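A quick write-up on the structure given underneath.
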Amino acid sequence: MRAYLDAVAAGYPSTSPALVYLLGMLAFGALVVFVFILPVAGITSWVERRVWARIQSRIGPNRVGPGGFLQWLADGLKNLLKEDVIPAAVDVPMFRLAPYVVVAGFCAAFVALPFAGSLIIADLNIGILYISAITSLVVIGILMAGWSSNNKWSMLGGIRSATQIICYEIPVGLSIFPAVLLSGTLSMQGIVAAQGWAPTSWHMFHSPFAFVAFVMFFVGALAEGNRTPFDLPEADSELVAGFATEYSGMRSLLFFLAEWGNLYVIGVLVSTLFMGGWQVPHFTDNAVVLTVAQFATMFLKAYFWVFVAMWVRATLPRVRVDQFMTLCWKYMVPIGLVNVIGAATVMVLLPDGSIVLRLIMVTVAVAILVQFARRVLFHLHRADYGRLGRIGEGAA
Amino acid sequence: MNTAAIQQLLHERFGSGVGPVESARLSDAVEVDPLSVDEIALFLRDQPDLAFDCLNNLSGTDRPARGKIQVTYELFSYVHRHAFVLKVDARRDRPQVKTVENVWPAANWLEREVYDLLGVVFLGHSDLRRLLLPDDWIGYPLRKDYVEAPEYHGISTVRESILALPERR
Amino acid sequence: MSLLNTVPEMVLTTKVDQLLNWTRKSSLWYMLFGLACCAIEMMQTGGPRADLDRFGMAPRATPRVSDLMIVAGTLTLKMALRTKVLYEQMPDPKYVLSMGSCSNCGGLFQLAYSVCDGVDKVIPVDVYVPGCPPRPEALTEGLMLLQKKMMQERWLVREPRPRAGAARA
Amino acid sequence: MSLELEFDDGREVFATEEMTLNMGPQHPSTHGVLRFIIRADGEVMRSAKADVGYLHRSIEKIAEKVGWHGFMPYTDRVDYVAAMTTNQAWAIAAEALGGVTVPRRGEYCRVIAAELGRICSHLLAAGAMGMDIGAITPFTHAVRERELINDLLEELCGARLTFNYMRIGGVAWDLPPGFDAKVLRFLNHFEPYVDELDDLLSNNKIYIERLANVAVVSRERAIAYCLVGPNLRASGVRYDIRKHLPYSVYPEFDFEVPIGTGRHGSVGDCWDRYIVRLDEMRQSARILRQALEGLPEGPVIAKVPRNYKPAAGEVHVHVETPRGDQSWYVVADGTEYPYRVHIRTGSFAAMSIIEELSRGLMVADLVALIASFDIVAPEVDR
């Protein structure tokens, strides 16, 4: 990239290199947004609707493209072409700006996400710190949207969002600590490199404290992504559509875009911090094949957590705003503090980790998963949906 | 306790304000004075062997032939599991009844409904506004002589249709 | 637009129109505007058996992001004024589907004093679905008729939108 | 939301300003077209004043215009979520005035239809409760089960929602052949489903936290505000019209009246109101089984003149609908039109208590409160 821009700058001696760099970077950024972020967010929306539909015994979008796959394209184009209503009483500059701030906040997080060993836009040495800081921009945007809409429902949504960030940022930060301690670096690639491809080498299974940190991070990340059970700012049944109530057309879609895109960011973060990121066994020396394999691994891991978030959203009710505050301040912050100390203690006592402990942890996790699967099967068996369609049909 | 016994009790306590038992088919009632209904209601609620703790229904009936609007109170006691029907007649040209809102909070909305649809004014009611119809509605539609307005805020209330409609009564 | 108006309807504009119409019809977000009985059938239509989500139709709580207003149920005069406001809050292009006899013409409640006999007295309607209430299948067909209608629209070449001759499911 | 206030004596205080919120009439969780004017301090409500009447369809006035038989379809629309019981109430009132006796098989058909309708209504209530709290899946699952009942009722009377099944003197049609077997098959499927709903929703930790101890209605307040049906029973009053003021053939069936026990909070909270409905579904299934078993033979409708003219008189009828004791006051003046019909419905009573209960609740609780009362807009407005 840099070399290419240098070459371009050399080809046009009369232009200042800084301008070439700026334009080049802008073009590259736009390319990334269009080629990767938009489709990822869009496809996530389609996947979400399909997953939801299946959980609710429906079918979900299946008319647009194969299996409804192009649904997101239709949604996007339609909203792009819809009338852009700016209500008379809004604070116009802020109202217009808010969606861009939100989108900028979540797009900027992509800069430091490690997609593969060599696929990262910028491996910042403060990567995780940068991400947790820059994603807060989303909340600023939401607050702007809520305030400028001049609608009380929007404002309640915006204020709830502000309340929420104060609550979840500290537990999330505390739950990042164990992973950072274990890796000894804030760089995203460094954190991934500190783990291996096998589950026993994941941070998640290092010690019980690390596992608790992982659970807390996922819960906090759900809150960060405004997902049920913490989707307070846009609580559909309470606040109409929360901060986005007054937005129409593409502006409202930008909020949705940020929500779905954020989901993917959450998945990548969870995988990176606790699940080994893009690590794959070194099965080939071909760098391209290896990169593709790493990218696919990361994508699948991230999407697994995206799927879990969708599942949670389709299942759980929403907590109340005061209950959310209670959860964060009274439970998650103390647990997080104990956790950091605990994880550090384990590190001091077992500097290289204990494979026995890791194996026990993995076994417990597998046992929980098996028990869970058995319960799901039990329910499927009990409901006996095979008979369902035939009750009302035909003669007895 | 049956209606006659309750009427006896009420008559002893309130004298001429309480009429005799009116035996309509299927339902007995006692007619009382509209301006002392609140005291009678309080008595009915607080007397231990009556204990009518629930106002089950409150409805108004327009009776233009008699020049009255009748308000019917249906009481029920969850303690003794017995019921009692109380009636008051308000003058049709100036219908006024004492409110029983302070006795049974359920009366608040029920009285507002009767005010809204029949125009009975409940004296002492804390919040006597229209309940079901818009605030700017004219007339009391459940009165027998109510005539529908041809339009409301520019929306005509008649469907222009080629099909013959049953005539509005 | 003036330039485009001089161009005869060409293959290119037709194709672009088709694309635009296709995106619109494939992603009809409808506003949750259940008024009465038909609202239950509308919910059932969004439910597992007649799943409207298949067509990319999603319910939306706010009029600002809705393309379609399904007027499901009796429109009273008190509600009619609000309906107009809600319709005006929707961004163009917007469509209205009148579901059920009540919102088509007042239906059973033409006899009522407080009911607006038909939503088309307040806002323009694209598709009328008869029934009291219409079955989910009927509503689905109405929506598919609306999609058909949307596919015939022209956006690049200015001509009057086919509002007048509304389809009938 | 804060401003500096200055008192007359010059004291300066840092006061907060109340915010007036308008919720509805088009709001996703007002179940139709209810409207609340909320005065709130942040998220905590000072009061929520209800504004109803957006679905006032003047059904009571229409009764005076369409005659005794003609009013039956309108009773469907009084409570469209459970039309059968409202049908039944009108039929009972008209029969009482006209002195008509319903054949026993007709009564059984009525009970079967009414109990199916009750399950249908409670399913929607439970599902809507989940949806208003933020869980979407229970609602679609409830709708899925509802479709099965809709199929059954459609087979019975040709309509899915507004049945117009009952007539003065009995029911319009006998049960179709094989109907009882289908109902039994449905019940075998449905009873385990209620347990599944328990697992999915009722015992969910978040769900309990959201509902337990929220908007507690004490026994005394419930009676004073004339709450009826499940809302009253949740407050601990064991009173069911079917049991304690029996009509139709309900005395012949063995069923229990579930009441609120305050399992997760105090008696009369939102969770109790929810669980009472869930338990009632099980009891309805029980009644259905007994009714199908004891179904007598014979005609389903008595001979009633087409030009029905009951003699003058008035009657108070109480019928247990899914939203509780529906109290009908019907006056006949000896003509072919009713002189006056007044319906005091369960939702109407529940709406009137919301203003008192809303004090100190949060906006999110109001949504749960409305859902827990299972308010259906046309029942309030009629």
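Going in written order, the chains are labelled A, B, C and D, and every chain counts its residues from 1.
Following the convention adopted for this analysis, a contact is a pair of C-beta atoms (placed from the backbone, for glycine too) under 8 Å apart; a residue touches a chain by one contact, two chains touch by 3 or more.
On a predicted model such as this, the values are computed, not experimentally measured, just so you know.
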When C-D and B-C are ranked by contacting C-beta pairs, first place goes to C-D
Rounded to the nearest Å, the gap separating the Cα centres of chain C and chain D is 31
So, in whole Å, the Cα centroid of chain A is separated from that of chain B by 60
For the pair chain B and chain C, the C-alpha centroid-to-centroid distance in angstrom is 43
Rounded to the nearest Å, the gap separating the Cα centres of chain A and chain C is 35
Chain A touches at least 2 other chains through residues 56-58, 236-237, 240
Listed in rising order, chain D residues that touch 2 or more other chains are 27-28, 53, 56, 58, 61, 65, 140-141, 144
Residues of chain B that touch two or more other chains sit at 132-134, 141, 168
Checked against the stated definition, the touching pairs are A-C, A-D, B-C, B-D, C-D
As the complex stands, chain B meets chain D at residues 24-27, 53-62, 72, 74, 78, 81, 83, 85, 104-106, 108-110, 117, 130-134, 141-142, 168-169
The answer for chain D against chain C in the complex is residues 25-28, 32-33, 53-59, 61-62, 65-66, 73-74, 76-77, 80-81, 124, 140-141, 143-144, 146-147, 150, 160-162, 377-378
Listed in rising order, the residues of chain D that touch chain B in the complex are 52-53, 56, 58, 60-61, 64-65, 96-97, 220-221, 223-226, 237, 239, 244, 311-316, 318, 325, 327, 329, 331, 339-340, 342, 344, 348-349, 351-353, 356, 381-382
Interface with chain D, chain C side, in the complex: residues 31-37, 39-41, 43-44, 47-49, 61, 63, 73-74, 76, 78-79, 82, 86, 108-109, 111-115, 132-133, 135
Note: in the complex, chain C contacts chain B through residues 77-78, 80-81, 105-106, 110-111, 113-114, 116-118, 121-122
